[in-house]
């Protein structure tokens, strides 16, 4: 399960930002840690109170700053600590990711996963899988360059 | 510029074995704002905390970052440490370098690099932290219970016993609710009135309980600890203080054409009536829609016959305004409309009845004085067919999607009681599934089958019609033998779905409490906070939250009461400062944030603002920090970015993203 | 094959909770070898051959009593119709071509019959 | 058209005279017949310059925000075409304008012309346009020219939302609902969706690289009605005064499209005013198409007070992975 052993692209380490809600997914990540379930160090977690706190601008910012993949994790629908937050987040992310896809940004670079506080195993599996996908895609320069078409000489 | 101290914990070898803590200290020293960095074996220990306190004082720190275990573990600890050293507790940020780093990575270089990045993100965030102070609000030490059924009575009694005043608002002239209409209760078969009426009396006599019967909640404003409620006390045209409950007037009233709701309209009552003998309060009430005096100005027999002089035709509706700290919703249920099921002939044939009607027929105080009779000809029946799941568990417009939960048990009860009292009556039950989870429940159902020979048929009834003999023919199917069943019977009893009471939508709107697609009130958390509404200070008791039987209702009523008592026991409520906040100069007043707030914490005011010297009145959002839970849904919904969340502000999270993606 | 029946009928037979209301309500129940309530589970189980060979599909009156009363929107008459249509399509051939219609038109003939003829007898 | 214009002018003068309104929001002619611009008129003399022609594409509803604020007495009269009333309703929903301060005259519209399209056909020096139904008879200083009407219509008129007014106090010369089939407004979006990711990227890079950040799209957009835009708000974390941070520059159009998602009435003003001819409406229409497909048909401004799709949800909404699934099918 070690991504660093990817022989084709050994030198490339993707930068992955994971937004995790405090009540489920961040706790799920803690459980992955407590259970020593490893996932690549390229994944960096930002804690937010709820998935509905994730502003699409944060995700765009991450991409603009050079992130290769962004994943948002929240409580399973129906289990939100704030009752309804993840339902709003679900709509927002669906529409945002669809828009990014429409602009030609690889849709595999964005993902939403519902991870509960008990799903340490799932958290680790998801992060391994996502890191693998993003590693295979290579460096992401597209979004930042969306408005930088080189002038034809 | 902040003066930030960074404290890197070894956690023994938990962190230090994989993360080079010295390297982390070196790396963060040059980060913007950092003026002190050190590592230590156990930061959470007495000594570690002492070290932090000293550093805060010595270096005049304005913010600290602790690189340690998860904030879910020790954020509270380090906030306290900071507070003890005179620093605002919200100037602390944690970089989780244990669960999210040292424990999951093996390569020391990789783990150290990540730890540095996580520390940088925390530093970037704390650079933008501002001191936050928890809010405070007062608590009115009085509770309101909406609904006077068994749920409301139990909640009120438990709150009152704990020493707090409680008002019960009940829309009908008496408390008691649906349980008062029941004959016997499962699985013990004790009489409902025998266990309920003592509680009703206890509630009426309790020094801490005040009952507003024949009253409805008109309006609710305010928030947890500080609700302002308007209660409409409907005119009953009888002076509650004077009426002795002698019932002379109710017997003499000449207007007797209207149905008696308490007996499911199986018999009639007068225009002036007491719903039943044990009513609390035991006070008559005039139904002005049926009273001859209100129609013609004449009659007045009740007034003349009342020796106490209690009848007062001039009585008016009264509005009572009261403050409450907590509200319990116990609005209960009603039987869903079975007239939609024309195949069962409910509207056409008097011998097709609902289970609640059967309760009244079986009850000694009911329309037949407790004798089981066909309503069509008042004769003794020989066969009875019960049909389960009428209107439950379907997905068409005729059905409720949920299981009504109580029907399997009360049908077994009815079947058993009938077989016990009238061994000559054959009882057939058409069922889809028999669901009897609960203590002594399945044993109860098996007794009906095994000892009382109740005929359980797995299958549904397709239709019912009146045959030539004037009896009813039931056409059904037995799925186990794959056979058509035709039964001639005298009575058909429908186990109709139960649904939340009609007015619940209105009450939920007033309370800004959310309801689901079936109109049941939603819990704050389906598993962990099942008796609280997402709206702070509003609690749920009984069937208004979902179908349940009496023991479950009573337990939930008690649980809701404990939550109320826990709230009322506080003099002041401390509110988390991590709440949303609207920037007045940027707010458009567009109402988008209000729509996504799950707690009804946002309202709008017209306020004069001074926008760089330009004074004007604007509609702007106002967050009630006592209600806001800090989820942040509004901050993203806000198109102008006026709404922000303290502790997790736009700039703070952006700064974290920046630091991580450097 | 199950997929075809599901596609033709537009019904999700997994919604069935096996209450038997359809069979209880069916006027042709006694004539049938496979009863309406069995259709849903047999489609789920993929026992389509048995259904194709069943007498029931010709006994169903399409009275839609079961459609009207099914609490789970499984509406067995639509499943039965789908099986029936499958048999008819299998027998195949276009029994009716558009060119033949003008000659067959009869003021007494309900236009629905023509629509039905196309639906039943065209590949 | 001339008849309608006459009726409008007559009614405007009446309402000014009897004091029902104190100000009129309409269009006035520029140096050429086609450079009609939004304008306000305070008196009968001023209102002499009021025009209503085939070049009155501009949506006036957004001006009502500042006009409502500035208004001290009487009412302001707004001339709104059917499609403009959607924006008007959306602004009412968002409490940006005060209905009591506005007197809406709904003016019938046959579809407005896009001068850029006409010029692109090589037709210059236009002095008059006569609408013959299917064809336009265009008088120019170089003689008469003709062109097909549908070739000269604004994009928004090709897929006209409705000829019905969603808000009005009175209506002048309404048009019957068009019987002809309207163009599929999502045709271009679908076409883009069908391309490969590389082709889409190339398309958008080409288009968005043309942007000069003049903010015309933002300034004209009735949904961009914020008191202070996030791009101008230092605590939003988006705006940047320094050139070192190009986040705002790079993400401007994506963020703007997201901010108006579910609120955009598809009035098409953004593309109409873009000096670089960037098809910005294709971003908004992508959101509208997704919303319609995933959450049910929704038209912003159809009714006042409706709940925007992004401020709403159902328990069984599509999962975000639907993006991948649709893409792969």
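Labels A, B, C and D are assigned to the chains in the order they are written; within every chain, residues are numbered from 1.
Just so we're on the same page, contacts are C-beta pairs under 8 Å (C-beta built on N, C-alpha and C of every residue); 3 or more make two chains touch, one makes a residue touch a chain.
Source: prediction; values computed, not measured.
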Chain nearest the global centroid, as defined over all protein CA atoms shown: B
Rounded Å distance between chain B and chain C, as computed from the means of their C-alpha atoms: 46
Separation of chain A from chain C, taking each centre as the mean of its C-alpha atoms, in whole Å: 49
Chain C and chain D, separation of their C-alpha mean positions in angstrom: 51
Multi-partner residues of chain A (each touching 2 or more other chains): 56-57, 61, 65, 78, 84, 88, 92
Junction residues of chain D - those touching two or more other chains: 230, 236-238, 310-312, 315
Chains grouped in pairs wherever the two touch, ordered by label: A-B, A-D, B-C, B-D
Chain B to chain D touching residues, read off their complex: 517, 583, 585-592, 595-596, 604, 616, 618-619, 637, 639-642, 644, 649-651, 653-655
Partner chain B, residues of chain D touching it in the complex: 69, 93-96, 225-230, 233, 235-238, 259-260, 263, 307-308, 310-312, 315
Contact footprint of chain A on chain B as seen in their complex: 70-73, 96, 98-101, 103-107, 110-111, 113-114, 117-118, 121, 514, 522, 524-526, 534, 578, 596, 598, 629-633, 635-637, 645, 648, 650, 653-654, 656-658, 660-662
Complex contact set, residues of chain C against chain B: 15, 17-26, 29-30, 35, 37-38, 65, 69-73
Chain B-facing residues of chain A, complex: 4, 15, 17, 22, 26-27, 29-30, 32-34, 36-39, 41, 44-50, 52-58, 61-62, 65-67, 78-79, 81-85, 88, 92, 124
